[in-house]
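This report concerns only the one structure given below.
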Amino acid sequence: MTQEHQDSTSPLRLKLRTIIFGTDTPAGRAFDIALIVCIILSVALVFLDTVQPVHRQYGQIILGFEWFFTIVFTIEYGVRLYSSANPLKYAYSFYGLVDLLSVLPSYLALFVPGANLTLVIRVLRLFRIFRVLKLLRYLSEGNMLLRAMMQSSRKVFIFFFSVSLIIMVLSAVMYVVEGPANGFSSIPKSVYWTIVTITTVGYGDITPKTPLGQAIAAFTMLLGYSIIAIPTGILTAEIGQEIGRVRDLRRCANCLKTGHDHYANYCSHCGSELEASTVVKKDSRE
Amino acid sequence: MTQEHQDSTSPLRLKLRTIIFGTDTPAGRAFDIALIVCIILSVALVFLDTVQPVHRQYGQIILGFEWFFTIVFTIEYGVRLYSSANPLKYAYSFYGLVDLLSVLPSYLALFVPGANLTLVIRVLRLFRIFRVLKLLRYLSEGNMLLRAMMQSSRKVFIFFFSVSLIIMVLSAVMYVVEGPANGFSSIPKSVYWTIVTITTVGYGDITPKTPLGQAIAAFTMLLGYSIIAIPTGILTAEIGQEIGRVRDLRRCANCLKTGHDHYANYCSHCGSELEASTVVKKDSRE
Amino acid sequence: MTQEHQDSTSPLRLKLRTIIFGTDTPAGRAFDIALIVCIILSVALVFLDTVQPVHRQYGQIILGFEWFFTIVFTIEYGVRLYSSANPLKYAYSFYGLVDLLSVLPSYLALFVPGANLTLVIRVLRLFRIFRVLKLLRYLSEGNMLLRAMMQSSRKVFIFFFSVSLIIMVLSAVMYVVEGPANGFSSIPKSVYWTIVTITTVGYGDITPKTPLGQAIAAFTMLLGYSIIAIPTGILTAEIGQEIGRVRDLRRCANCLKTGHDHYANYCSHCGSELEASTVVKKDSRE
Amino acid sequence: MTQEHQDSTSPLRLKLRTIIFGTDTPAGRAFDIALIVCIILSVALVFLDTVQPVHRQYGQIILGFEWFFTIVFTIEYGVRLYSSANPLKYAYSFYGLVDLLSVLPSYLALFVPGANLTLVIRVLRLFRIFRVLKLLRYLSEGNMLLRAMMQSSRKVFIFFFSVSLIIMVLSAVMYVVEGPANGFSSIPKSVYWTIVTITTVGYGDITPKTPLGQAIAAFTMLLGYSIIAIPTGILTAEIGQEIGRVRDLRRCANCLKTGHDHYANYCSHCGSELEASTVVKKDSRE
């Protein structure tokens, strides 16, 4: 493609790239915020339009706004393709596909008149909301949380694996004890009941009727009530470690002491200013 | 206004100010406690009066008490205005408006006879309960909790932002899967169902009927059951830090050692008495 | 009373006292365990007798067993009075009253034939279960938990005080928004609904019907879902502190080092045996 | 038995033993994974077969697959018996009995034609799922979690003991207050309601109708909502301790420093590689 060869020549493309893909300049940030407002408004419209009275009264206005947002997002998609250093790579990236998927449905709906299909297609537009996830990248706290969750993911996986075993055994037992007459019409339905019970949601659409079933249900509830402590314990310990680690990694450039909170701006020992994100590796100290 | 000029001349106003606005003297504390008892009693009366059998039998007595409290609060409002160093500033302050709003409804109800409107107006009187919040200021533990919550507020915000994205996507999917026939009559209603499920409340007024919907519901429950651990983990870590920080900040005036619990009265190293709230800044140690 | 003067003369009373009130001798422990088995069995009988089919078929047998336990507990009460160093003090103590209250109902039921009254009286017998609480005294872990709960009680009180304010305001708002037509027949009932929702219990006997009510309900759930983290955070931090404190208080008699886990039997530094509950006060170190 | 005497002579049996019972060789691991896939598939078949539409359409195919898995598991059981160093010990071990119990039902079903009985027998096959528990042994994180749970088991037991006392008293009170007319037909049923409420499950199949009952229910919910913090606090503190202990126990072979995370591969002080599971006992340091 010739676009890639001209990469360093067009100042317009370079400027657009800084605004659209970058987040460091004031213009780049303003663009991101405007985009997110548009996304939230367009998603809110799709949500509101499914309410029947709203649809009857304001359906035409909402349709107008939807086309407005569709055109805005189409232009944005085009500009992204044009200004990207590697348009193909962008088109096949996660955010590139999300951008396309959120624009296509409106055009498809022109040719496919089926009501139900249109709905599914319009809901597809909601995927654009994942764009908002990019926001999280700005926030160092998000990274700390993510790191703590990564760190605890193996332990949490073992927890959920053990819970699934318990759920399967309890479901089979409840199916035999209560049976189809009391709403436990199959083991998969019994699994649904066990999850409703063990997570303490408790809809009440299926409830045990026999004394033995109620006793097992009571046991299931107490189990769910107490094992909820395990993921909390794992994650809390990891977040505590993560906060401690961040404290250890920030070093004052003046007195070389560590142990500063991640939100501290000045060294608590000598008062000199701390760098914003001094992440000193432990093994580089000596 | 001439009141402000006479500020230092009227001993009555000074004394009233100490009692009404101050909390350090025995009289000031007694006044606060009497006021809070009045507020709780007047709120309890509004609550009880909405119970039909109580209203029929004791409606007149309750009305009498309500007027009694209205007059008490009106006098209090007047005295506050009179004794305040800056009456206008008080009148426009949060507590000043709360005080006015809790008195006005009763007088308005004399002229507005509509039953429903009266109710809304009378409920307005409940805002006075926010006055009780002033109590929290006495308590150092409240400050510690508040500080821990402030400290974790950004992380908790990111958490709720991510949860909202998940809720929106799950709501749209459930609306398409279950549809209006099974109670998911619109996406906003589907959002309501998702929040009922993900928070493990589980009313059971709307429940999934299709196998696929029940599978997604089960996933939603397990998700809600496990992500409840995240805010707990964040807050626990912050409260732990906060307790540790308080320990570090209390220094013995005799042996200069730190690390005392916030409830300790004597230094654990040399036995000399500790000051009640010695908050030594770390950077002043050296 | 002459009983008190003969206190040092009757070896039978001394021996009985060691067995009944003491927990250090094998006989004393065996007596306690036998007593607790009797209490649990007699409570189980009262529970089972309320099940109609069981009552019809085994009512007479259960009545027989109930009289057997009543006589056993009456004898026990008499022996306690006889062997106690201070019978009057025992009779007016918490456990003395519990013992009397759990025996009296059966005798009263002989003279009071009313069916409903009998039930209330028989349930009174359940108070005897509080005797089992004495068991907790054996367990050092129970003390540690209790200490952590005491330590956090002020913070938890502030938490529940703030939650009550929120519950009251939300209840009043929901009463105005939903009204008696949707089941919110009075503010006290609305308070019940708010508590059912904020604690994530979610019976579903009262549910919001209006869109605004459902929005406020969703907010209430998310609030309850997130503030559940606060007491957990407080208690976790305190239990962590408590475990750390116990480690600090155990000192090796040989090398004088501290930092041992409360379940450690040998010093981890020099290998000499640790005393079972060496609680060394910090200020006695120097 | 002669089998045990020939133990060191048959190379086939030795090789089979390494594959079937061992987990260190690639063949041993591949066998374990293949076995677990078979178990999960056979369990999924039993689950699916209880869904009526699936049973009607694919019942014959599922039956075929079930016999296939039965034969596979029978062969596996035979080979285990043959290759085991001590066949009798294996046959009476937990996993030996699980293996037998999961194979027997299919053969028994040939001779026992009763539909309901067959179901119970087929569900027995699910016990084989416990075999999957062996997987957990590979995972060091599982051991850490288990150790933390063991460590906190006494405290958690005391917690559940106290909760049972509260549940029993509340159940008896609610039975007297609400009575059989409002669904509290017996104290055991009232216990079921109390557990449903205190664990915040809240089915709504039994709900209090009287104002006093609703007040006690509200108290029960708030109690359950707050005491859920206790096991979380206990477990979190223990997991934190356990992570700290693992850090203390890993010692660098080069610079002899401890304090490494359990997932660290290199010493953070001198950079030399750490052993995978250097568990240095504290008392062997000196």
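When the chains are written out, they are named A, B, C and D in that same order, and each has its own residue count from 1.
The rule we apply is simple: a residue touches a chain if its C-beta (ideal position, glycine included) is under 8 Å from a C-beta of that chain, and two chains touch if they have at least 3 such contacts.
Which chain is which protein? Per UniProt: A, B, C, D = Ion transporter.
None of the values given here were measured: they were computed from a predicted structure.
The interface formed by C-D recurs in A-D: of the pairs listed in A-C, A-D or B-D, only this one shares over half of its residue-numbered contact pairs with it. Rotation angle, chain A onto chain D, C-alpha superposition: 90 degrees, expressed as a multiple of 5.
Interface note: chain B and chain C, two copies of one sequence, contact each other through mostly non-matching residue numbers (shared numbers fall below half of all numbers used). One simple way to say how far apart two chains are is to compare their mean CA positions; for chain A and chain B this gives 30 Å. Taking the mean of the C-alpha atoms as each chain's centre, chain B and chain D sit 43 Å apart.
Residue positions of chain C with contacts to 2 or more other chains are 188-189, 191, 200-204, 224, 228, 232, 234, 236, 240.
By the touch rule above, chain D contacts chain A in their complex via residues 43, 46-48, 50-52, 119-120, 123, 126, 129-130, 132-133, 135-136, 139, 141-142, 144-145, 148-149, 156, 160, 188-189, 191-192, 195-196, 198-205, 224, 228, 231-232, 234-236, 238-240, 243, 261, 263, 266, 268-269, 271. Residues of chain C touching chain B in their complex: 151, 154-155, 158-159, 161-162, 165, 168-169, 171-173, 175-176, 185-189, 191, 197, 200-204, 207, 211, 214-215, 217-218, 221-222, 224-226, 228-230, 232-234, 236-237, 240-241, 282-283, 286.
Residues 200-204, 232, 236 of chain B touch chain D in their complex.
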